[in-house]
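Listed after this line are the structures, all set down as structure tokens.
Two complexes follow with chain A in common, the first pairing it with chain B and the second with chain C.
Let's turn to the complex of A and B:
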């Protein structure tokens, strides 16, 4: 069914068009919205696009790194200052998908997709939303919890901190197909250490719930402790707590719950997957 | 509903037509300008059979909104040979038995061309990565990887 395509120069105009039309969807790279259109999703009557260059900007000068929502994974991979995000970007799709998919769109990707968001979630990620009132920042965790009610607000950028050290940030996507496939589980951890103890542990999981989630019980198991075998065992034992994985063709919910601790243990102890 | 005018370059030729809103590029290529070299596989971005080059980058035609290629250069498998001469990639695929049923072949060739255009001497790992978004159910990939490496060697020899 044909839809109306509206292209705006300014993000603010696109945001107000989006908020005034319940049947409108914002089109970023196309990997989610075009897929829905191809499948005949009749709930989409209007497609909104914006050509605003601010959506394409990458700002690495400040304490927080800011990436425009329209930045593709291919561009993340081309940016040396974003090297710590390269493993997450590279784990997504093939080159064609990475030339299209954007960091903003990834926030909306349903499980088993949305791997990049898992990495942002442990790096104190924030979402910049343009509404009728201007731009406001919201923690990614809060954004994901209310994602389905965010219709009408346009994501203009994401931001995150740099890892405390190269070894403090870890990311891994578990897939059945090499070199890559859909996520069985995606894991990210940020483990800053002070005086030999973990402080401010963040662990996030993808494909373990409808959106990326933090594994807070596993975080608590590590907090204030040295990253040794007993702390890692405690975190691994708590990994599945609070998760709600689904069955899909890649793995069953049961399997995901069974192996999430195994993969978290390997990630935290620096073993190969 | 009103149609939208659309102009772009298709394999070096200017194309102008009218499209329905929300039409994807694959429909434009296959059904409106009769270039059936890009294939419809999944319509979801999972198979790579519709891979084309847009301004030199590999993209999936089925997930590209037609309006988004306004003024841009689209290159498909139909445009990579020179006159009667096959592109070195096509020759290497034929000689190396890299095509069986052939359905993935156009996407594989375009993904490989995107690689060789940027990295003329790729490593085996770079070839594997370049075609990692393209699914083949016949060959087991080895003949395809070898053909891309052979084409890179022949392009190098003729350069």
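Let's turn to the complex of A and C:
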């Protein structure tokens, strides 16, 4: 069976085509789907596309920033209002991948990829999904946990909050090949402070589980405490808790568990990687 | 910018050369920068079919059953090729120069020896149809214990990877399981040394990662010939290899190469051409066989891994008095070119230094890993990395500057090298001096005044007395030969027995038999 490509104008039509065909995959920028097709993945029989302009929109006017699922990382980098997301966008692939790869597709990128999602995870990220009954918002954490079962739903946008302050949000990707290697570990932290104490700590890790995950034990270690050496040490010691990294050619699971605390300590204490 | 130091190399080069030493535009550059270079895969032939290979998912397994019945019925499938369809389904690359035994099938028959090994080839109308049919091939594996470590592979009772070499080592000169280098007496050297340092070095395999993956398009031509567009970096080598595997005269094929989209040694193994041509022969249609990126990584050969042990004896004044090296080259499941890497390595020891006692044992070892092949200085690069790390450690151990330490031990014109050849045109001292100067690294005047042309030879030209080791039991010195003949179609047999030494093989005789330090006695 040759692969069929179906292009729709409306997101809702694309979503219903996607949900009615188990062998259908949505093509955003193609950096994941075309790779699979070129490698001969026979599980994909239909490729669905949507030309809806809303997929390309970026809305920075409201309290939450909303980015269309079809926005590429190159566009994120060109947007001055998204400056806090530039380090995460810049850490993905090379220029060719950033010109094609999309924010929506990044949610589906398997480890050691999907770095942008790690950043969204600490910024109270939400995923807007087009289902049969309209668009609904889902917390990104919940989305990632059920990602494999979301095959029929179409992501139309992601949203996130702005960091409480420039210093409150930190992002770092540990890679062996710079600037465009896959992730050994990707770390993001959002640490708003009030009265000298961390409130609402969020720490997320990439390549430490099949999807990006929050490091909740490390978050608890920081919550309500000043961001000092002892709190950072406690967070670093708890960094690997609840993670399930895998072996791959970039690093072993053992290595990732061993060094995640080291990198978290450096990130939180403002040291170079 | 290239700079030739005429003060050092006054007699090295004629200055009236037309090209060498002058800035010249690469002839392929214009095509590359304008995107007009033509690659093998730019040919779209009418009625072209596509070939996809079903590969082993196991590193070591017996093939109980290969069921292609469902795949044969799959839409768009034209033909399925099995190992039994390959005229001569056993080959080794360097058999073209009578080096090594045929040990690698084009398609596995009874057993697979590494993950990614080809088992059957599916030919279909489109790449998609080929992929769908390939997914329907059922292979029943009986998994066997696998060995991935070179030293584990040499232990008694280790799994036999490749039955052609039951000891898991390549066989040199019909008798030897490794290459030896003996010069002087290292044990005496160690006994008299102020310090002895032994270290272990481990190199990883390195993938060539060409932008263009390996591939070929073969098409029937007139007069029963076949035209082959290929990515090969060794056109006539690939052509002769195909002639052997397909058991046809080499003038059956018209190979068209040209722009190689990245080779570096990863495109000499003739991975795709034999099956592409065989598929064109069996279907009468043009056939394209191109590796995907994952295939290139898993099945395409890397630079081989090496494990190296270096033991050095050094005096407080900086002289290295003994160097013992034991190295294991990981050939993967088949020979390809690692056998030759070992020979090159043995010829390179002990590095560019004059050391009176040298002892080398280099093994080419078979493991259940992807076969390794050529890559930029293979056999030398990894060993040099280990040697130069060792040089730094030795310098540190005796508290000497590492640059001066290398100058002190560097070979000089007239010195005897460990293979009993006199060193000529040496220039390591000058290289280190210039490197130190460029790096603004201070070295003492006496080292700045040293020269490769001075103070060599004399006692340094002597071959030291070398203790003999007990000889191994002799077997008949029979040079392994293949019955491959370019003109006639030789009878097809999986592994031709080596002819007795008294009857010379009908090889193309261009001249008298001569001795080669690489390949032993051979004709040229």
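FYI, the second predicted complex is superposed on the first by the 271 of 273 C-alpha atoms of A that agree within 3 Å, B and C clash if a C-alpha of one lies under 4 Å from a C-alpha of the other, contacts with A are read in each partner's own complex, and residues count from 1 in each chain.
Going forward, contacts are C-beta pairs under 8 Å (C-beta built on N, C-alpha and C of every residue); 3 or more make two chains touch, one makes a residue touch a chain.
Keep in mind that this is a model prediction, so the values were computed, not measured.
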item: Greater residue coverage of chain A in the superposed arrangement, chain B or chain C; value: B
item: Touched partner set for A:93, first chain B, second chain C, both or neither; value: first
item: Chain B versus chain C as contact partner of A:31, first or second or both or neither; value: first
item: Touching partner for A:180 - first (chain B), second (chain C), both, neither; value: first
item: Partner chain(s) touched by A:42 [first = chain B, second = chain C, both, neither]; value: second
item: First (chain B), second (chain C), both or neither touched by A:5; value: first
item: Partner chain(s) touched by A:161 [first = chain B, second = chain C, both, neither]; value: neither
item: Which of chain B and chain C A:262 touches, first, second, both or neither; value: neither
item: Contact residues common to both interfaces of chain A (with chain B and with chain C); value: 1-3, 35, 38-39
item: Residue ranges of chain A in contact with chain B within the complex; value: 1-5, 7, 27, 29-31, 34-35, 37-39, 44, 47, 49, 74, 93-97, 99-100, 179-180
item: Interface residues, chain A side, partner chain C - complex; value: 1-3, 35, 38-42
item: Residues of chain C touching chain A in the complex; value: 52, 75, 126-128, 130-132, 134-135, 292-294
item: Of chain B, residues touching chain A in the complex; value: 1, 4, 20-24, 43-45, 48, 51, 57-60, 62-65, 67-68, 111, 114-115, 128-134
